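Both complexes below contain subunit A, partnered by subunit B and then by subunit C.
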Partner chain A sequence: MLQYVIRRILIVIPLLLALSVLLFLYVHAVPGDPIAGMLGPNGSPELIAQIRADRGLDRPLLEQYADWLAGLFRGDLGVSLLTGQKITPVVIARIPATVQLTLMSLFFTILIGLPAGFVAGRHRGTWIDKVLSPAALLGLSMPVFWIGTLLILVLAVNLHWLPTGGYIPFTQNPARSLQLTFMPAFALGIHLSPFLARMVRATTIELQQEQFVIQASMKGLLPRTITYRYLLRNAIVPVLVILGLQLGTLLGGQVIIEQLFNWPGIGRLLVEGAIQRDYLVVQSLILVIAAVYVIVNLGVEVLHAWLDPRVRL
Partner chain B sequence: MNTNMLDAINAAKPKLRRRITTVPVGGAKAITFQAVVGHRRALLGAILTAIVVLVAVVSIFWTPYDPTAFKTGAPFSPPDLAHPMGTDVYGRDILSRIMAGAQVSLTVAASAVAAAAIAGTVIGLVAGFVGGVLDLLATRIVDIMLAIPGLVFALGIVALLGPSARSVTVALAIVYTWQFARIVRSVVISVRSRSYVEAARGLDVGPLTIMGKDIFPSVLPILIVQVTTALAWGILDEASLGFLGLGVQPPNPSWGSLLIEGRQYLYDAPWLALGAGSVVVVAVLGVNFLGDGLREIVDPRSGRKN
Partner chain C sequence: MTEPLLKVTGLTVEFLGRHGTVRAVDDVSFTIGRGEIIGLVGESASGKSTLGLALMRMVPSPGRISSGSISLEGQDLAALSEAEMRTVRGSRISLIVQDALATMNPVTTIGEQIEEVIRDHGDRSSRAERMTRAATMLREVRLPNVDQNLRRFPHELSGGMQQRVAIAEGLVLGPQVIIADEPTTALDVTVQAQILSLLREICDTRGTSIVFVTHDLATVAEICDRVMVMYAGRIVESGTVREVFRQPAHPYTKALLSGLLPLAGEPLAELDTLSGQPPRPEDWPTGCRFHPRCPLGEALDHPEICMTDDPHVDESQPHWAACHFAELQQPALTEEVAG
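Let's look at the complex of A and B:
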């Protein structure tokens, strides 16, 4: 097991380093001058030169990269191109909102996707499967902002049950905070669950053809026992892996949902950075998001290997 | 948004020890006209897709009103006979704008996917066929590129190039390329040691000819399925980037730019967002049906399970 973990980590470290090089080069790939591009017509040559010197962009590339990388190890993401302020504190301030939304979204994804996929797979070919499978395809075809817009129109505009958006920290008012998380998280849950459901369905169908399940039913075990003890338990392992991989989709979807619901998270910060053409902020946030995605999947792989020893081979 | 879906399937498979593989056992089945017509979901998808494409083509020659003309009716008039999908804040006809938007959105999605398919196929073919260090390098690069969530990646590139239809096309092409490369490579690996490829090598056939004549035909059906899937992402991602204000800029209509206008007036004129959104859903649903059907035609084994 330890050997497996070390092997995985040895793959992830160069991957993260390569990502840092790629994103470092990103800023230098701006056609023309990034600062002139950001300032637009207001940028006088003196101002541009001053900002460039101030942000350290006039130094040799290798030196800039070494500095940036050293900063990353200390948790320092560098400074904003636009304001010159440190990026790390701004990002940290946004983390609670984003993490809260991510966790709630995963909760809804599992709540919808796991039972739907399992039931469809267990009763394959019956009416319930024939309803759920096209529903999943419809869900896959709906843009996440569209799901969010529909929720706003129904729950906020028509029924006045929930406000259209906004965020209150959980520590400040837990009940109100969860209430505000409901719509954005539910929209993401609807967005992600069809894919999970499809995978769970396929797994469940496959499990039912496995020897140990056939034998269990030949032994005369109750269908209920087979469902819970044999099928559900084994169908849950893949759920973990799929959720890890879906985190990429979730993080992308969150960028959009945070915008729609005025949710002050990392995604909104990224969009603000992109619109203001603050390339250093965009660079740092893409790196943070990709690193989280890679590291979470490393964790998922390790957990999966622990649950299912065959994976380690 | 959906950019990582297929990635997820592919990556999850070996781990889950699935028997459904991207590369069908015994080779991919050919996609024929009869097969599509005979497959209910593929046919439905093909029809829906054809309708959307037809609307886009018609909009080049005719729309009910000029899509950018102001005051074709009262501002914010809800859907009625004169304006089946209502009007916006300037009294522009939404149906005309959605029709014209179809043109822009489909062009962006199709060009991005075409570019990505070509680039990805070349990378995948060469990496898989040549093997060795080149393959290792290509695989690592693909891994790095796929580590960045698709929409986030695209957003970064659009920020770099400035928001416009062309930037979105370039960004999506760059983001989708790696997926194609990975899938094509996996097919090439699975067929490169087949006897007919070995035989061609033995006969001193040039590598380009082997890739083109012996390997590519095995890649093609899977490539077509992937192109269809990617088209669905393309439409969704164009709309998403537009929604974030990073796509095609108003007043030019694209589905993305219509959605951002709709979002501003969600209270006064919900039909703006609803109309454009519904059209996106129908278009993507059609393409997804088609892609799903084609996948089952190419690999009938997957059909039994999905």
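Let's look at the complex of A and C:
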């Protein structure tokens, strides 16, 4: 197991390195000088050149890249081109908000997707399946910003149940913090759960045709035992793998949702960086997000092996 | 013999197909006494496995038992509700199949699998006590290293050990009847022999009856008391192993015994006496269902009666065959097989 994890990490490192090169080149190839953009019409060529020199932008690209990379290994994501501030502390400050939103989104995704898919699969072809399956399709086709906007319109604007957006740290006021998390997380949950539901439905249908599930009835086991121990317990494994894969979609959705709900997470930081052409922020953040994605999926694989005794890493 | 343990009367299983209903098992009747091992032999499409499942009331959809009764100690299983039937399955009648691994929950340990069966059949004792009971049963089927294996997962055991676990699971609640559908086919010869002698031993010590569904005549000769030969959804011959093997009365049985009909696999191409596939339920011929392939019918120049009339039999006889010309059959030279 440990050996496997180490081997996987060794594969991941060159992958991330390649990504870093791509990111670096891509971001530098984007037209528009961020410094000129920042200074606007007041930016005299001398001032621009001075700030560029300050930030080290006049150096050869290779040197800049090496510098950035060396920093990354020390956990230093570099400095913002615009403010000259270190990026790492800014990112760290955003982590709690992002983690909170991610966990709550996953919670809603599972809360909606797992039972819906399971019930539809268990009662395949009945009215309940015929209602749930188109509902899932509808959910799949709704863009996340649209779901978010709809929630704001209904829950905040019309019903006044929840504020339209904002964030309070959990440590400061847990109840209020959760209340504020509800809408953005729920929107992401609705966005992600249809896919999960479809996979769970397919898994459940497949499982019910497995000999060991059929045999469970031959043993005279209670329907309850068959549902929990034979079906759900075996469906958990694919669910986990799907959630790991969906993390990418989730992070993408967060970029939009954080914008919509004024949520100060990593996603919003990324958007801010992109709008201001603060490309060091953008390239560092994307790399961090990619690394998180890869690590989480590795974690999922390990968990998978632990939950399914047949898998040996 | 007193009242038989299991008495099946007129059991018919129908499948609802695109071209109407077809009968996979057609009006089958037989009895099994306590502690008896009865072999159910036939080709792949003969309906033998469906009959086994029907006894459990587990015919897969779109099939169903359309008529007949299955009387276990005087109680008609065919008339029970699904919830009542659940309590019978696994406790009074259980099924052991060929691929033991495929029948076990891959994510639960051996001990838990058996413990669940005990619990779900209303055992109110503690989990630890049920585990002990499972362990005792596993020792009885001579699973090695029971204490370690209890905590292992099904795929971690060898094929023979898996089959022992499946047998233990089927036996733990002391059923009166076991339906064993090719339980040893997937195993290698040595293990096969061990499992067979285990089944025989269980039968003798516990008085459990076994319906042994198989295509392997050698196995039947080895462990069965009686044998029923199935062809095209019907039992065509029934009798003690000795009688049937020494004096097969039905041309089909005779063909099986002289090795003319390979039961699994492909029929041999060069056969001129018995050619063709066993018919599918949707196109069973009229009259005697064996007539298109029957060597005796051919020798007798295709008597009219074979094509028009169903041979009827006196099922109360200890040895009978569903053939109009059963008396004409000569004793087969099958001494070696029966011996």
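One rule holds for everything that comes next: the second predicted complex is superposed on the first by the 295 of 313 C-alpha atoms of A that agree within 3 Å, B and C clash if a C-alpha of one lies under 4 Å from a C-alpha of the other, contacts with A are read in each partner's own complex, and residues count from 1 in each chain.
Simple rule for what comes next: a residue touches a chain if its C-beta (ideal position, glycine included) is under 8 Å from a C-beta of that chain, and two chains touch if they have at least 3 such contacts.
Please read all numbers here as calculations on a predicted model, not as lab measurements.
Participant: Putting subunit B and subunit C onto subunit A via the overlay, clash or fit?
Facilitator: They fit side by side.
Participant: Looking at subunit A, which partner touches more of its residues: subunit C or subunit B?
Facilitator: B
Participant: Check whether A:309 is in contact with subunit B, with subunit C, with both or with neither, and answer first, second, both or neither.
Facilitator: After superposition on chain A, A:309 lies in contact with subunit C alone.
Participant: For A:218, using the defined touch cut-off, is the partner it touches subunit B, subunit C, both, or neither? Pick first, second, both or neither.
Facilitator: A:218 sits against subunit C, while subunit B stays out of touch.
Participant: State whether A:248 touches subunit B only (first), subunit C only (second), both chains, or neither.
Facilitator: Only subunit B; A:248 stays clear of subunit C.
Participant: Name the contact category of A:294: first (subunit B only), second (subunit C only), both, or neither.
Facilitator: A:294 sits against subunit B, while subunit C stays out of touch.
Participant: Pick one for A:171: touches subunit B only (first), subunit C only (second), both, or neither.
Facilitator: Once the two structures are laid over each other on A, A:171 reaches no partner at all.
Participant: Determine how wide the angle is at the CA centre of subunit A between the CA centres of subunit C and subunit B, giving a multiple of 10 degrees.
Facilitator: Once the structures are overlaid on A, subunit A sees subunit B and subunit C at 80 degrees.
Participant: Between subunit B (first) and subunit C (second), which, if any, makes contact with A:146: first, second, both or neither?
Facilitator: After superposing on A, A:146 lies in contact with subunit B but is clear of subunit C.
Participant: Under the stated touch criterion, which partner chain does A:19 make contact with: subunit B (first), subunit C (second), both, or neither?
Facilitator: first
Participant: Where does A:42 make contact in the superposed view: on subunit B (first), on subunit C (second), on both, or on neither?
Facilitator: In the superposition, A:42 touches no partner, neither subunit B nor subunit C.
Participant: By the touch definition at the top of the document, which applies to A:3: first (subunit B), second (subunit C), both, or neither?
Facilitator: neither
Participant: For the superposed model, what is the least distance in angstrom between any CA atom of subunit B and any CA atom of subunit C?
Facilitator: 14
Participant: So which bits of subunit A does subunit B touch that subunit C touches too?
Facilitator: In subunit A, residues 310 are touched by subunit B and also by subunit C.
Participant: Given the complex with subunit A, which residues does subunit B contribute to the contact?
Facilitator: By the definition above, subunit B touches subunit A via 1-5, 7-9, 11-12, 15-20, 140, 143-144, 147-153, 155-156, 158-162, 232, 236, 239-240, 243-246, 259, 262-263, 266-267, 270, 273-274, 277, 280-281, 284-285, 288-289, 292, 305-306.
Participant: Give every residue of subunit A touching subunit C within the complex, in rising order.
Facilitator: Those residues of subunit A that touch subunit C are 210-212, 214-222, 225, 229-230, 233-234, 307-310.
Participant: Which positions of subunit A touch subunit B when the two form their complex?
Facilitator: Those residues of subunit A that touch subunit B are 14-15, 18-19, 22, 26, 29-31, 37, 133, 137-138, 140-146, 149-150, 152-153, 157, 164, 191, 195, 198-199, 201-203, 205-206, 238, 241-242, 245-246, 248-249, 251-253, 255-256, 259-260, 270-271, 273-275, 277, 279, 282-283, 286, 289-290, 293-294, 301, 304, 310-311.
Participant: Would you pull the subunit C residues touching subunit A in the complex into a rising list?
Facilitator: Touching subunit A from subunit C are residues 56, 58, 60, 86-91, 94-95, 97, 99, 102-108, 116-117, 120-121, 153, 155-156, 169.
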